[in-house]
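Structure first, commentary second.
Here the chain labels run A, B, C and D in written order, and each chain numbers its own residues starting at 1.
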Amino acid sequence: MDKLPLLTLIAFTPLLGALVLLFVPKQQGRLIKTIALIATLIPLVLAAALYAAYQASGDPVQFKEMYSWIKIPLNKEGLEQITSFFFEFKYNLAVDGLSLPLVFLTALVSAMAALASFHIKKRWKTFYICFLLLETGMFGVFMAQDLFLFFLFFEITLVPMFFLVGIWGYLDREKAANKFLIYNGIGSAIMLIAFLIIVATVGFTMTQTNNEVILSYSGDIHQIAHNLFQDPNAFVNQAKPNNPFFMSDTMKWTVFLMLLVAFGIKLPIFPFHTWMLRVHTEAPPSIVMIHSGILLKMGAYGLIRFGVLFFPAQAKEAALLLGILGVINILYGAALAVVQREFKLVLAYSSISHMGVVLLGLAAFNTSGLQGAVFQLVSHGLISALLFLLVGSIYERTETTELGALGGLAKSIPFMSGILLIAGMASLGLPGLSGFIGEFLAFVGMFGTYKAVAAVGALGIILAAVYVLRGVLSITFGPIAAQYAGIRDARLVEAIPMITLVAFILLLGIYPSVLSEPLQQTISGMDQLLHSAAGHIGG
Amino acid sequence: MANDFTSYAWLVPLFPLLAFLVLIAAGRQLREAGAYISIVAMLASFVLALLIFFERLGHTTDYTWNQLKWLTIGDFQLNMGFEVTNLNALMLVIVTLVSLLVNIYSKGYMHGDERVNVFFSYIQLFSFAMLGLVISVNVLELYIFWELVGVCSFLLVGFWYFKPEARAAAKKAFIVTRVGDVGLFLGMLLLFWYMPGHSLDFSAIHNAFSQGKIDPSIATWIAILVFVGAMGKSGQFPLHTWLPDAMEGPTPISALIHAATMVAAGVYLVARTMDIFQASPDAMLVVAYVGGFTAIFAATIGTAQNDIKRVLAYSTVSQLGYMMMALGLGAATAGIFHLFTHAFFKALLFLGAGSVIHAVHTQDIREMGGLAGKMKITAWTFAIGALALSGIVPLSGFWSKDAILSAAFEHNQLLFWVGLIAAFFTAFYMARLFFLVFAGKPRSDAHAHESPAPFTFPLVVLAVLAVIAGFVFTPFNGWLGHWLGDHAEAETANWTVMILSTLAGLLGIGLGYVMYGKNSVSRDIVAGNAPWLYTLVYRKYYIDELYDVVFVRGLRLIGKAFELFDIYIVDGIVRLCSAAVVGIGRLGLRLQNGQVQTYGLATLLGLLILALALAGRRFFHLG
Amino acid sequence: MSITPYLTLAAILFCIGLYGALSKKNAIIVLLSIELMLNAVNLNLIAFAKYGPKPGLAGQIFSLFNITVAAAEVAVGIAILINLYRNRGTTDVTDMDTMKR
Amino acid sequence: MEALRLQLSDLQHLIPELTLIVTALLAALLDLALPRKVSRSFSAWLTLLGIVVAICFTALELNPEEPIQLLAQSYRIDDFASLLKLVILVGTGLVVFMSLGSAARDDIHHVGEYYYLFLPAALGGMIMASSGDLITLYVGLELLSITSYVLVAMKKKSTESNEGAFKYIVLGGISSAIILYGMSFLYGISGSTNLLAINSALAGSIDDVKGLVYLAFFLLLAGFGFKIAAAPFHTWAPDVYQGAPTPVTAFLAVVSKGAGFAILFRVMYWVFGSLTLMGTDLQKDALLSLSVLAAISMIAGNAMALRQHNVKRLLAYSGIANAGYLLVPIATHFSLVHYANYSEFLFYLIAYLFMNIGAFAVLMIVQRSSGNEELRGFAGLYYRARGRPQRPCCSSFRWPASRSRRDFSESCSSSWARCRRNSIGSAR
């Protein structure tokens, strides 16, 4: 087990599946689906094994896999004393407490979405190839320990997503796909620039051994963190004139804000959210499961990993801003969710609202806040996946998800209605279900830092109840319309992912230690970093 | 000091949970068995609760177990577990007993409903949550169960999901209590940060607050926030509006959840965290005044309602106000005592009302009448309940109300008079209710008959309890106060209070009798002479309408405004950006007119502008 | 001898050429105007070669190259123009706008 | 003073160029001599052969121990030149290859001529890449330009082709004149046409002739900007691209533009941006103007492409934007640690070459089947041509929706260099 490159296996099994699919004739729908399902189930099993094998104590970064990948020698004319001078990107995968749950979440939601995609109507082959490609990209994003690799995987997710939305979506799908691509493209562009600046300054390392002097640019995030925080002699920390590698505070702020915007688009932070509304309404529901369940998390993940952990002092100073943005997200999303007439839009805005909780947890800058943010990520991933799974199944039967047109479905589809109710309850943060833990921890954290902000944000809890109940009850309660009286309840293939997701939602809600244990090391490491950064400000 | 049964207290909520799981899993296949499973589970819980109760009789130390590692927050561990105090033990008995009786009752009441097993499973879930709430070891655990009972209440109120009114009522119940829950939530967060060691355990809270380790201003904040939570659950003004609407649910539910147990959870919460309140006189005062106001406010509304269950609902709100008032006055035992007696006679009244509704298929008291002859057991038990509620000697209600009023008489005269007037109104609307329903002539031609045994058995049991339950704590017998650990309780008989409260009760009943029993005073005396007053009371002081305008429409308005903002400003800016790009493109394309000389000119102008802008600044020093 | 008059003359010539190339309707005249511009350059080069701060032969050689290249260019230009005239029957440059936007 | 004479031994360094000349002459003579009936396709193969041989010879010249300088440094054969020559030759070869068979259909009457005209054009590009002297540079430029004019006009009966060619020649002539005018001032200031000599003259005291230096720089910038179709000197590109036969358009977009960049790079790197001028106002302004040009090109090119329906014009606008990207490494500051942005530039140029030729090849095929160049001809391409769609999607990334981002990642390495500069900027 130790020798097995588990992460590579997880990340590239879907890709392998996609390659296999290339050789399957496109008429073989059943075969294609089976292969795709297997290609998502294997990573799920492996991810579960990974989760089990992860050691909660000790070095939080585990399962490291590192191979030299791209190494570009650079011109060292005029630098005679230098032995070698290069630019290196490594194939560098690992997981820590932060990425581990997200890797598992990805595996889980992808497998469920693959099941839910069974009722895609056209071009299964291309669909699943895109789907599997997307999954590989998502795994990579959460595992990559190198900026370049991260960027690569991040981009890999965009392309299949574009096609998945653009080809298999609803009426306005092309517009949605374009909007998705443009927004995320801009985000990626900004992220790329920020990364390049980081690599070009922080990533510059001079290694001196006996008689060799090696200069290198590296995208390794551990190297970068080392240069930033542990090595006072690193070029980046030396404020000498004409040191092109020094990062002034202004510079750090610039990069931090760039990262905030780049990942803020993905997260999405108000006012960069409009693109995701379209994707939520226009993409096929199984893809929205992925989108809302995982892709949005990539934004938060990136924000934590690169924005907060690379620039803790700046993030700390911006904490109030983050907190206020979080509250705006929560309340703005919730208030809009209350007035939507389309259930998918209700859910879209509720996603915005929930992502605000993540921001709030981040802004708290203490262990509970950070932990809350991670909990909220995982839990929202599960819940929104479940909700969109239901939306897909309901839409398949009723051809609409307009709140006004539906009603009383509890009569004809009691099972799905029950699940919908559970999902809704989880979404509004009912204790005993996963949504509560994240909300609780994030608010606990924020309350320790900015009481007023947290108190205002807590209004969102009420609003969440309002919009969730409004949405769920309009669909399931009330008198039933005649045309929906005969629709059938969930088939087995739909029920399995529903029950699985509910099970995980319950598990997290009832016994959150499952998630909090592996998190501890990482979170306390982060906390120390943040505190030392805070001390830095004070001093 | 044996804790043989007490250490198994966690089993009490577990039985209903198991029943719930069985019912959910097996679903419709169970048919009739569902009800029996529920009853058996509840019976097991009840027996265990009784055993624990008796075991506790001699004890004063609490039994605590909190070793379940639930969540780690940095260096801090949040553990779960359970705690049995004397207060808990009493609550366990009340909840299991009422729940058991309601289960039995429901077997008859819900007979024939196709989702009867769903109904029972909800009740089991509720019982589990309520019992869990009672034995919670810390505030977070309590909050979790607190929310769970809220959900169960929501589910049961909306049990007849196809009725739009049920849907609305369920939604309202959930959302309004949620408002209170947010208060509790924030209070809990405050506690978390200000408690030494971040401990949320009740025992730790007790120690910290009774030893004055917490700043009083913080204590005030925490107390008020916790009280907001209690207000939501216990229907205190201004968060009372959901409770009357919740009567859309099946009647046994009204008895169990909305009269005896869940709504009392707020009172229980305040009693459980009494140390916090005692650390803050201001908060105590707030509790007392809110309670007192709610008591009289809801009692007046109760006089003008025509729905049998709504009358009882407002009565519940009013009685909960009494309890709160007692707690706020520092008379915790009196409050809990009233909770105890109220649980029995209000459950009795609701079940009686259910029996009536079952018989006549209407809830409007104006369409009933003369049922006493046809439904003897129901009428008698209902009368006992009504008398107990009205505070007539020697029924249980008298003793508990007297305890509260004595406390008020001693500490706060204003609240005493408020309580007294409320007692008068209580007696009046109960008399009105009783005479309209059971006396006089039938006003509809429904063939009412006595309900079967599953109905009447709980009624009788509860009626007995409503009679005798009061004797555990009288001015002549202060045992309960000692047992609950409240040494400040006054034990001397206050004859003034007793006489005044009895008078108020009798006066109310008398007025009810002359207006509705003998019809010697016109019923429309108020409606005729002061129609605005009648309408005001009848429309419940327009609170619902006010909330509708301010909150519901307000929120919708804000939402709409945000939506416009989202579409036109946020998205508008985005569109503006894309339009700008397209505009640049258009501008550029306009240049491409096919004329080679234009092209040349553009090149030339481009060169000139570029050169002037870039070189010019060097030569003309323009920056 | 100052170089300024030569440079001025060349600049004037260049501008006239440019003006002609950008304003005349007749394609032939446009081509001629370009020739004028090239010749202005030649004048410049010769002037620099003779009177510039660092005189030398290179300028004159450069101008010889210019003359040759200009001849080739104008030859191709006329050829294309003839072809165009055959197809369109006009030498008016303002008529040449079948492709736009 | 080194020998100004061209020694016979020097010719070995010119073998690639000579190969092209010989092939071109051979093809021309054969074309002239052979009777009409003989198919002219031999010309294509001959041209291709010449190019392949030239590629081989150029490849052999890679990695010299010392840069070879001929004729008093007026002709340099160094890696910069050799690599660019390879790009030019490969590009030309691909264009010729892609014209095979399509030439006749495109109502090109003088097929033989059409093919072998690519050879002097490529030769011009090679001379530009190698030149170290204003005169060679100019001659190379004109050789490329004049042959391009003819190539654009190759569709003899087509009004559009003629019109495009005429526009091209008028504007090209003007730009040539502008370049020359700028060169004349450079010569005047330094008294030499050699780039390095000019640079050392500029490095000396230039304060009294500063105006002339700036004038010269901007004139050159405009002229070269025209050749590489950078906004605002891009106006000719859409019309000429549209008018020209498709392979010629590809040639213009790739080879001609690449050669233009070659001299721009050479001039910037040797004259205005070199280390000897490091930190001077002149250098800063020069680099700044290039950055401005790059920015305008990217924005304008992409913005105009958004509303374009004719694919060829669309590709022209895309080419304008790409010119902006390609300008970035040239415009980037040379710092102590990193001062040769050549590899970034070349990397992007090669990527650009392949994706552009790929796009044009697909365009040609679609054009042939749909009969026009409008974008709607591409609709449903997925369904019509199963095997082929990967090409427009994967090899060229030219479609507006996916454009901005893809190009961005393509220009990763360019931005990289730019970031270096940003970081330095703020370090100061």
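Note that a residue touches a chain if its C-beta (ideal position, glycine included) is under 8 Å from a C-beta of that chain, and two chains touch if they have at least 3 such contacts.
Bear in mind that the values here come from a model prediction, so they are computed numbers and not experimental data.
The innermost chain, defined by the distance from its C-alpha mean to the mean of all protein C-alpha atoms, is A. A count of C-beta contacts for the chain pairs C-D and B-C puts C-D on top. With centres set at the average Cα position, the gap from subunit A to subunit D is 44 Å. Note on chain placement: the centre of subunit C and the centre of subunit D lie 23 Å apart, centres being C-alpha means.
Per-chain CA centroids place subunit B at a distance of 94 Å from subunit C. A separation of 63 Å divides the Cα centre of subunit A from that of subunit C.
With touch defined as above, residues shared between interfaces to two or more other chains in subunit A number as follows: 182. Those residues of subunit C in touch with two or more other chains are numbered 18, 21, 30, 93, 96, 98-101. Multi-chain contact residues of subunit B, defined as those touching 2 or more other chains: 589, 592, 594, 596, 600. Listing the residues of subunit C that touch subunit B in their complex gives 18, 21-23, 30, 93-94, 96-101. Touching subunit B in their complex are the following residues of subunit D: 166-167, 170-171, 174-175, 178, 210-211, 214-215, 218-219, 221-222, 226, 231-233, 235-236, 238-239, 281, 285, 288-289, 292-293, 299-300, 302-308. Per the touch definition, subunit B reaches subunit C in the complex via residues 589, 592-597, 600-601, 604. For subunit B in complex with subunit D, the residues that touch the partner chain are 581-582, 584-586, 588-589, 591-592, 594, 596, 598-600, 602-603, 605-607, 609-611, 614-615, 618-619. Here subunit D touches subunit C in the complex through residues 134-135, 138-139, 142, 145-146, 149-150, 153, 156-160, 162-167, 169-170, 173-174, 176-178, 180-181, 183-185, 187-193, 201, 209, 238-239, 242-243, 313, going by the rule given at the top.
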